[in-house]
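Scrolling down, you'll hit the structures one after another.
Both of the next two complexes hold subunit A, though its partner changes from subunit B to subunit C.
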Partner chain A sequence: MDFLFVIQQTLSATLGVNAIIFALAAIGLNMHFGYTGLLNFGQAGFLAIGAYSVAVPVISFGLSLWVAFLIGIFNSIIFALLLGVPTLRLRADYLAIVTIAFAEIVRQVARSATFNDSLGGSDGITGKFGKEFFDLNPFKGGLAIPILRFNGNDLWVVITGWILVAIITFIMWIMVNSPWGRVMRAIREDEDAVRSLGKNVYLYKMQSLIIGGAIGSIAGFVYALSRQSVQPDNYGTALTFFAYTVLILGGAARVFAPIVGAMIFWFLIVFIEQILREGVSSNLIPDWLIGVNQVGQIRFMLMGLGLMLLMIFRPQGIFGDKKELALDARA
Partner chain B sequence: MHPSDALTQDLERDLKFTRKKLSARFILVYIALITATAALSSIASPAHAAETTKLYGVIIDSAEKPISGVNVSIAGPDGFSAKVVTDSLGAWEVLVTAKGTYAATINEGDLPSGQALTDPKKGTIKANVFMTGVELRLLFPIGPGVEKATRLERSAQLTVDGLILGLIIALAALGLNLIFGTTGLTNFAHGEILTFAGLLTYYFSAIVKLPVALAALVAVILSAFISGFLQDRYLWRPLRKRGTGLIAMLVVSIGFAIFLRYFFLFLFGGDTRQLPQYAGQAGLELGLVNITPKSILTTTIGIGFIVFATLWLLTTRMGKASRAVADNPALASASGIDVQKVIRAVWILGAALAGYAGVIVTVNQGVSFLMGQDMLLLIFAAVTLGGLGTANGALVGSLIIGLFVQLSTLFIPTELKYVGALVVLILILIVRPQGILGRKERIG
Partner chain C sequence: MQEHNSGAGFALTSAQTPGSTKPDPILIADNIVRQFGGLTAVNVNHLEIQRGSITALIGPNGAGKTTFFNLLTGYDSPNSGTWSFNGKALNGIPPHKVARLGMVRTFQLTKALYRLTVLENMLLGAKQQKGESVLLSVFPWIWRAQEEAIRVKAVSILKNFKLIDKQDDFAAALSGGQRKLLEMARALMVEPEMVMLDEPMAGVNPALKQSLLEHIKELRNEGKTVLFVEHDMDMVHEISDWVIVMAQGEIIAEGTPSTVMGNAQVIEAYLGAHHDADLSSEEA
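What follows is the complex of A and B.
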């Protein structure tokens, strides 16, 4: 076994692009679920909108990437409005199902051959739409120390990505500790009480959906930019579920939870996968038990099992406060 | 419906199931392949010179007679264009050197009278040449022509297909809704009950070599016992005892679904497999529609199951008790109803019904590890449409979703049929947030 390689891969993933994407997606979910109690299962849809919004304008219309970012935010707001109008009056479990349906609509339309010319069908879009961003990269050489390895582009995404996460987390911290944030938490605990105080619950929920959705679309920007491609099937329901895992792992309704959750999530996933891979390739794990191609499947099984056990034994996550989250779908 | 359409549909389903396995680019080639008429089969040819890619095909009519003298024009990247004519064997080929997307268009006017494209949209087939040195076979579906399948016939066929799909959804949705009604659990792992029963059917039919009917029976019984009784006894009941919240249980079910799905993948592999028995059963022409005997039989039994479940709910003590628990668990418990026993009964019944839904899909379309996941959203849409927690609501919602999914293909591309159903779900919820048969006080 090459332990140094395992450690290098694991640490690079813990601080890497995927952790940033999931941290951002989970910050959005934290706004929805953690602070407002909206069970949004359509976060993958917002990521897809963000990703397509940076790729399509640059590739198809020759617009600047910076304009594309604005278009992405704008699109996510429009979609949040479209999604919110029919669904925000629904009970939590209805909302969960309808938002899943929303994300699937986005994905299936994006991958359909009908819109092949603009959205690339099931192939998605691949191209150098991030050129303007990577031209600014001062670290073209990348980073290669024994325990951490990023190529030039990844390093630039990782540095700017974590700065972005820090800024958004700071804004979130200010927001949720403001009077506005207290209204949000009150809605999560008891909508009717808030309504009787004269607040427009519907409007507040809509604001929450828009803000969380916009943050989700920013996660989509990072997803698309880091890979220089957009694949529709990456934005399936599993993405949303794992973003929830990240949030719950850290502790819902805690500002730092998504960051810690994303790092631990990717640390565990890559560490376990690398250990299994090394075990299989050095024949410590017999071939009849786990084949080389089955390591990924084992990984997903462990992810599912982990989510179950986490929710059963520590639903408040690492930092969460059990008392703060007393949600009940029927309440 | 023309047999080639049935094949195309089957292959489209396969395509859907295997999409995770195939790389996205292969799917494009696959789409080109699935337009083959039923009579055509792949012919292996020796590999070509490494720098060129051969685009080729054979044009034959529905009686497998080659059609010569048909013009095929090919357009490609960088202004590439070529025209070829089919030879006496109906074959054509073009050699290309550049990578990119090529479009082959058939000149419909060259087809003999009585022969036409069975799908008018397939007159142009796109092929993505992503590497050179390969051969891509492009097939145009030729048959008696779509003119003969009138809109009436297509509507009739799609209505039957829609009713069958609706029935499959209903079988699964009834259980989901009963469980939701009695325990409040929104079970995201319900689709995996279908997959599990499908895999059991496959195991007993293809590996133990039991007759399909017996394999199906064993699968439904095991589904009721394992997915119903054991799952409730050792997973959900302890969670209820711990006082786990409903949203927490919902998330647990998501984790469980992910675990099971990849566990099935681990055991079974990623492909869609057909049962060895009755795999290529020919359809019967019944008036306007074409339907296979196995489909008629499995559907009829399915209707029987639903009638049985409805009678159980309406007439038996246990059924009435389950409705009482769904209405008000505390009051039901206070009236001397053993709530845990009712929940157990509901899980067993629900898992048997969903298991049978899995059997129907497996017998008619084959089984893959993604079967349940692909059905789950439709099941949820049906339940939400009918009203969460209402048993007849699930039936109504399922039929609407099933019919809508199939009939919408008269107007929208087949690949977007699920999107149509989901859009309708959202639209109906704007008007009736509680679902069609749901009661208003049930929503917050």
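What follows is the complex of A and C.
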């Protein structure tokens, strides 16, 4: 078994592009679900909007990438408003239903033949729309040390991505610990009580939806840039649920939860996969038990098992407070 | 400054008919009807609440008291009717604006914010907080001084309500009675002119009840108006200046506590159809 290779692969994934994408997606969900109690099951839709918003303006309209980022944020705000206006005055479950539909509509529209010219249909968009970003890369050679390995572009995404995650997390930390954050957490507990104290709950929920959605679209920027392509089927419901997994793994309503959750999530997925692969190829795991082609599925089964164990023994997540979780059941 | 020592301090002794006028009403309601399907839950022709008084709203379960509270505070909309607070019409005004106008309510089913601490529950109540704006929230130095002033005030109210030892506990860790106290204390953080308490003593142990009563009296001393729903007639007798009786959605009598409780219609409303509602005491 090549342990060094397993470690290299695992660590690179733990600190890699995917961890950044899921951390950002989960930071957005943490705003929605963790701090405000909004059930957004369409976070993948916000990522898709972010991803298409960086690709389409550059490739189809020849705009600058930096303008495309602004367009992406703007679009996510528009979509958050579209979702929020009809649903945020209603009971919480309406938002859940509408957001599921929203994400699927975004994906289906993106992959439909009608918009083939601009959105690329089911093949999506591939092209050098990230050129302006990668031109700035001072580390074109990438990084290759025994425990960590990134190619030039990935290294640049990883460095800027984690800096971005740090900045957003810091701002979130200030906000959720401010009186504004207190109103948000209070809304999560009981909207009617908050109304009785003179707060415009609708406005606050809208702000939460917009902020979390915009952060989701930033995750979409990273997704698109890192691959230099946008594939509509990457933005399915599974993406949203993995982002929730990341959040709950870390512990909802904890600022660092999305970061740690995303790292653990990718650590586990890649570690399990690499161990299985090494085991199978070195015949430590017999062929009749697991074949090479089954590794991909089995890592998710083991991952699921691990998550079940976590929920049984540590339902509050890594950072959460078990007592606090129990209070929820009493409420 | 008005005299607030007892009901006799007001000119509230004369009329006892439902809908009687008051010398200085803070709240006036007219022809308020709320129907749920075929059921008319509230049907109030005319009601005035005297400023600076403690008014009790009594009536058997299902009389429509909570529904009436919900209508007045914007949590529910009537099929018809108009009402005004301090001369301002409240039709169609959402709950948070009603609260900002100075009419703050509590709930029959206590709404403590469980996973906020007791102190946080209190701080939330303060009005016009700069730090509650999304843009200013990221600049703590702008709101820190105000936050500290609010905290000082919250602590003093918590001391008064004997909840200061619990200030850092989650609200969920309080007993039912303490939650009622917290809800009332939190409402005071809004600095309301009128406080509407829906069954503030339900489930509160006798010792706490007495202190709740004192707090309600104190509100009157500060010139605030109190409207509260209560089943315990001893309590009603002890603190209210005026009593309004509701049954089947309508106001069937109002007057000073002693006159109302001798009223045959009131006794009938309680003991006639609703044997479960106890006229003298809830704990019995």
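Going forward, the second predicted complex is superposed on the first by the 306 of 331 C-alpha atoms of A that agree within 3 Å, B and C clash if a C-alpha of one lies under 4 Å from a C-alpha of the other, contacts with A are read in each partner's own complex, and residues count from 1 in each chain.
Simple rule for what comes next: a contact is a pair of C-beta atoms (placed from the backbone, for glycine too) under 8 Å apart; a residue touches a chain by one contact, two chains touch by 3 or more.
Nothing here was measured: the structure is a model prediction, and the numbers come from that model.
Student: Taking the superposition on A as described, I'd like to know which of subunit B and subunit C A:I147 touches: first, second, both or neither.
Tutor: neither
Student: Which of the two partners, first being subunit B and second being subunit C, lies in contact with A:V194: first, second, both, or neither?
Tutor: Once the two structures are laid over each other on A, A:V194 reaches subunit C alone.
Student: Applying the document's definition of touch, where does A:G306 land relative to subunit B and subunit C: first, second, both, or neither?
Tutor: first
Student: Just subunit B (first), just subunit C (second), both, or neither: which does A:I171 touch?
Tutor: second
Student: Go through the superposed model and pick first if A:Y244 touches only subunit B, second if only subunit C, both, or neither.
Tutor: In the superposed model, A:Y244 contacts subunit B only, not subunit C.
Student: Is there a shared patch on subunit A that both subunit B and subunit C touch, and which residues make it up?
Tutor: Shared contact residues on subunit A (touching subunit B in one complex, subunit C in the other): 327-328, 330-331.
Student: Along subunit B, where are the residues that touch subunit A in the complex?
Tutor: Residues 19-20, 24-25, 27-28, 31, 128, 180, 184, 186, 239, 242, 244-252, 254-263, 265-266, 377, 380-381, 383-384, 388, 413, 415-416, 418-419, 422-423, 425-427, 429-430, 433, 442-444.
Student: Subunit A touches which residues of subunit C in the complex?
Tutor: So the residues of subunit C touching subunit A come out as 73, 75, 94-97, 99-100, 104-107, 111-116, 120-121, 123-125, 127, 129-134, 136-138, 140, 143, 147, 170, 172-173, 183, 186-187, 189-190.
Student: Flag every residue of subunit A that touches subunit B in the complex, lowest number first.
Tutor: Residues in contact with subunit B: 39, 85-87, 89-94, 96-98, 100-102, 104-105, 108-109, 112-114, 121-124, 191, 231, 233, 238, 241, 244-245, 248, 294, 297-298, 300-301, 303-312, 315, 326-331.
Student: Taking the complex as given, what residues does subunit A use to touch subunit C?
Tutor: Listed in rising order, the residues of subunit A that touch subunit C are 171, 174-175, 178-183, 185-186, 188-190, 192-201, 207, 211, 323-324, 327-328, 330-331.
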